[in-house]
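When the chains are written out, they are named A, B and C in that same order, and each has its own residue count from 1.
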Amino acid sequence: MASIAGKKSGLVWAVHISVALLVLLWLFPTIGLFVSSFRTADQISSSGWWAALFPAEQNEVYRAADPDDNRVADGDMFVVEGNIFEGSPRDIRSWGVSSRDVSAYQPGDTAEMKDGESVTLQADGSYVWRGNDKQLSGRGQRIFITATVPPEFTLDNYTTILFSGSGQDNMAKAFFNTLTVTIPATIIPIVVAAFAAYALAWMEFPGRAILIAAVVGMLVVPLQLALIPLLRLHLGIGIGKGYLGVWLAHTAFGMPLAVYLLRNYMVGLPRDIIENAKVDGATDFQIFTRIILPLSFPALASFAIFQFLWTWNDLLVAKVFLIDATGSTTVMTNQIVELLGTRGGNWEILATAAFVSIAVPLGVFFAMQRYLVRGLLAGSVK
Amino acid sequence: MTSLSLKDVSKSYGEVEVLRDINLEIEQGELIVFVGPSGCGKSTLLRMIAGLEKITGGTLEIDDVVVNDVPPAQRGIAMVFQSYALYPHMTVYDNMAFALKLAHKSKEEIDQAVKSAAETLQLTQYLDRLPKALSGGQRQRVAIGRSIVRDPKVFLFDEPLSNLDAALRVATRIEIAQLKESMPESTMIYVTHDQVEAMTLASRIVVLHGGDVEQFGAPLDLYERPANTFVAQFIGSPAMNLIEAKVTATGDTTSVQMSDGGHADAPIASRDSDLGNVVKLGVRPEDLTVTESDDYLVSAEVEIVEALGETTVLYFKPQNGGESLIAKLPGIHKIDKGTTIRLTAVQDKLHLFDSDGRSFLYR
Amino acid sequence: MFSDNPALYGLTVIVIGVGGCLGYFFLSNLFIDKVLFPASGPNAGRNINRANMIRPWLFLFPALFALVVYLAYPVFETLRLSLTDRDQGGAFVGFANYNQMMAEPKFWEAVRNNMLWLIVVPAVSTAFGLLVAQLTDRIKWGNLAKSLIFMPMAISFVGASVIFKLIYDTRPEDQNQIGILNAVWLKFDGGIGSVLLLQVLPSMLLLGFVVIVASVAWSFVRAIVAKGEDHSGWLLPLRLLVAVGALWLIWVSLSSLAGIWIGGLPYGEAQTWLTVPLWNNFFLMVVLIWIQTGFAMVILSAALRGIPEETIEAAIIDGANPFQIFFKIKVPQIMGTIVVVWTTITLTVLKVFDIVFAMTNGQWETQVLANYMYDKLFRANDWGVGSASAIVIMLLVTPILVWNVYNARKEMK
């Protein structure tokens, strides 16, 4: 297409620009959260996160050192010298000595005040405050500066969320709980579904077509319907609320998609290969483990990603089947919802907690996107 | 010694009968080719011998043992598939060793079998490769090698050359013929729709059509003495001409008269009751020659001339609603479109079929 | 005990679960092959056939068990529960729960909001997805762009809720706004730019929407009015339903259109976006659209690639411009996929729970059915009404279920 004669380049530019804008629009929310998670509570509440990315003009107030302790005689005058910045230098744009005019002077200027008192401030923050005995007493002279502050970020929030932080703020436990839910709930349905998918794809038996149709139907059954009957069942047979219950629930809820995806993939494998294995003397079990499973890896990976994302991100199933009154088995999604309720204004905690819970799926997403896309294409009922 | 025997074997899917009462006796060391148009049931028959399709009627014996209900692996057969069916995730070595591993053969035994098969097929340097790194011909050889290592009683080939391009197909065909020669004790069954493969490879050919065996015999038998009009027209290219004729004299030699004035005396026996019947006179295009004499077989108007150099193929206008006639003359002939010429043939090369299409020879 | 250490517990379960599954399959196979129907002896042939009849069911059993107990049985059990009353010891109460539910304004609010979600989210996601798929189709960094737009797919609804709460955040007047939406809002001052962007543009969008809805509805209704056309009886309810839905949508659009012009906009005041009735629904929908657009894009992009290049080249030679190529050549060819994407997103929308739960919990008139149901089940402990609302969700899903099964069966033949 690109080689077609007489194509307008203006249109191509319009396409590039609109895609760039769309991508930015889509990224913007996530970046906001990401940036906020590296800012202190004060920074978050005093300016929008977008301001944190650029050096900001900031007004600050400093005081010269205590004259009673630091003044040095210089003829009949006294002098206090020092640096207003203690360890964190700023790039001073302008400064002043009165709150009415905070940017009266440039760095290097000398501010003449009443009766011969003067302050000289250099760009690096060093000052010379000169005056008579009476002027250089009491508290240090106030110096107002307008400075450019470079972007500042901190890892403190992550330390709080992951390591220190008390009770509700600490996500470490919830992180491991989520992992505990997710990994068995991802692996077990794959094994179970793979066998069923093989039977539905390659074994002849009466009722096969009806079963496949039933699986397609169950793909869309809202799991909301299952909540009450299953909770009653779990409580009734003694599983109660806990990991076992949530594993079983996730396994079953993922089953229709797993069977559907895997069967569709397996049915597309060449019949000759399977028949050849039969002629070679493989039993159904051997065909399955030695031929079908290795060849179905892409489909298995697709489903594994789906199931992982779904169980990791799930809130409802965990709330119903896992989390009991003690809350010791809380998962990250649930803890974040609770934080939203109790710490709604503490964005440094919320943003960091949310980002911790998002980071793992995002990593999986970018690492295995190919399989995710393939699974999506195979999984949407045509 | 009989290697394979089919007795009244039939196959039906529900109401649909795809194979009817097939009876074949195949001797050890033969290379049998199943040939027929697509949908004739030849692949199904092969898959029934392999055990991949259930036999719905009759019995199948391999080495005098009924194997109707024996699973494929225990029948002592090996199969080469049309698509080669190599396991894509296994190396060439593992592909060839898979069946032996499943049979719990010892490591040394497996290694020896694979290595010697690879030697025969010149695959030794490719043993560590995955199938996707091989060319079409090499894959084909791996598929054959995989069947050799199992040392089967019967080799089954399901259109093994149809995925290769024309040049490779000829080369591989010759390789298979050589392979057969190097294993005179092995029985092979080969399915194809290509009559050249059938004629060149087979010791005997089974012509299948619509679920029935039309004829079972040696390649040249089929060419020289086809049992019916189907075999007559299926074997040989271009297909045999069939000309409507009326029997004018019977006996050891049968005389027939064509409606356009031509006539023939064929050295084929006929019965008295055939006198006056309308029959089909068969003559192959390559057996026809041009004649000036009044003693001709047919005369017809040339419609298309295909000059190929080595041969000249003439297509004639169909006469009074009959089938169009083809003549294949050796060498170059200057014949114009639209001319009417007379054709004749040696008496020995004539065939006669009754109104049901059966050859007079096989009644 | 294991349960003290969840990681160890989890690991044990993986080993037992996976090992158990494999062991089950292996041993049960061994059992039928060696013990029950050995493939040797006088009945070898018959035994092999019998074993092969049982084996599929061995392979299927665990999956079938899970499907029946966890998906099929609950559907009927929920139906039963919706007809009983927990407080009366599970006595059959007929449609009392449904009547009680219908009498609640909160339920109708949820239904209304769900309808809005059902129309807006699939439509906007599909449209955006198609737009991105088409735009990125032929540019070099298209795959990177797609990957970034697809990314929200990996983010949980809860995570997305936090992300968007930050966007919608509100601070008192005298402080800097840290929510981007308010920061942008405060830039508008009621001048000509504001009028253009916030009144004229939305009005035009709304009017465009009204026109589209009206034309779609007309194409459905026309068949009833027109004479001589096929009046298939079973389509009549569908046509009427579409007509009523369209009228309602048009009314909602026109009234909000009036709202834009009559009320006057509160310029210069920071808004608490999630408490503005009706509009807050759209702010919640934005979250789901943000997530689902990537899904639509991926599928539609594959479909666009699947269009035979020749048809496009033929159109170019016929003199079609890029827009005509897109709307007259490409879109009709991928219509089937668009429908699939639309219904898939519709299913997601019907089950949407986390977003509403985390952001507003149904307050300020943002209730939806799934959250309403959760409310009834686990806050009010009213299993009857909760189950009744679950059945309502099931009923809404049923047409898609039937359609899917119908298509799958057709495909298999």
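Throughout what follows, a contact is a pair of C-beta atoms (placed from the backbone, for glycine too) under 8 Å apart; a residue touches a chain by one contact, two chains touch by 3 or more.
This is a predicted model, so every value here is computed, not measured.
Of the two interfaces, B-C and A-B, the higher number of touching C-beta pairs belongs to A-B.
When each chain is reduced to the average of its Cα atoms, A sits farthest from chain B.
Remark: the per-chain Cα centre closest to the mean position of all protein Cα atoms belongs to C.
A separation of 23 Å divides the Cα centre of chain A from that of chain C. Work out the mean CA point of chain B and of chain C, and you get 59 Å between them. Centre-to-centre, using mean CA coordinates, chain A is 68 Å away from chain B. Listed for chain B are residues 71, each touching two or more other chains.
Within chain C, no positions touching two or more other chains are listed.
Listed in rising order, the residues of chain C touching chain A in the complex are 3, 6-7, 9-10, 13-14, 17-18, 21-22, 25-26, 29, 33, 52-53, 55-57, 59-60, 62-64, 66-67, 69-75, 77-78, 81, 128, 131-132, 135-136, 138-139, 142, 145, 147-167, 169, 171, 175-180, 183, 290, 293, 295, 298-299, 302, 309, 312, 316, 322, 336-337, 340-341, 344, 347, 350-351, 353-354, 357-358, 370, 373-374, 377-378, 383, 386-387, 390-391, 393-394, 397, 400-401, 404-405, 407-409, 411-412. Looking at the complex, you find that chain B touches chain C at residues 68-71.
Taken in their complex, chain A has these residues touching chain C: 1-2, 4, 11-12, 15-16, 18-20, 22-23, 26-30, 32-33, 36, 44-50, 176-177, 179-181, 183-184, 187-189, 191-193, 195-196, 198-200, 203-205, 208-209, 211-230, 233, 242-244, 247-249, 251-253, 255-256, 259, 283-285, 288, 309, 312-316, 319-320, 329, 333, 336-337, 340, 344, 347, 350-351, 353-354, 357-358, 361-362, 364-366, 369, 372-373, 376-377, 380-382.
On the side of chain C, the complex with chain B involves touching residues 39, 44-46, 48-49. Those residues of chain A lying in contact with chain B across their complex are 270, 272-273, 275-282, 286, 290-291, 294-295.
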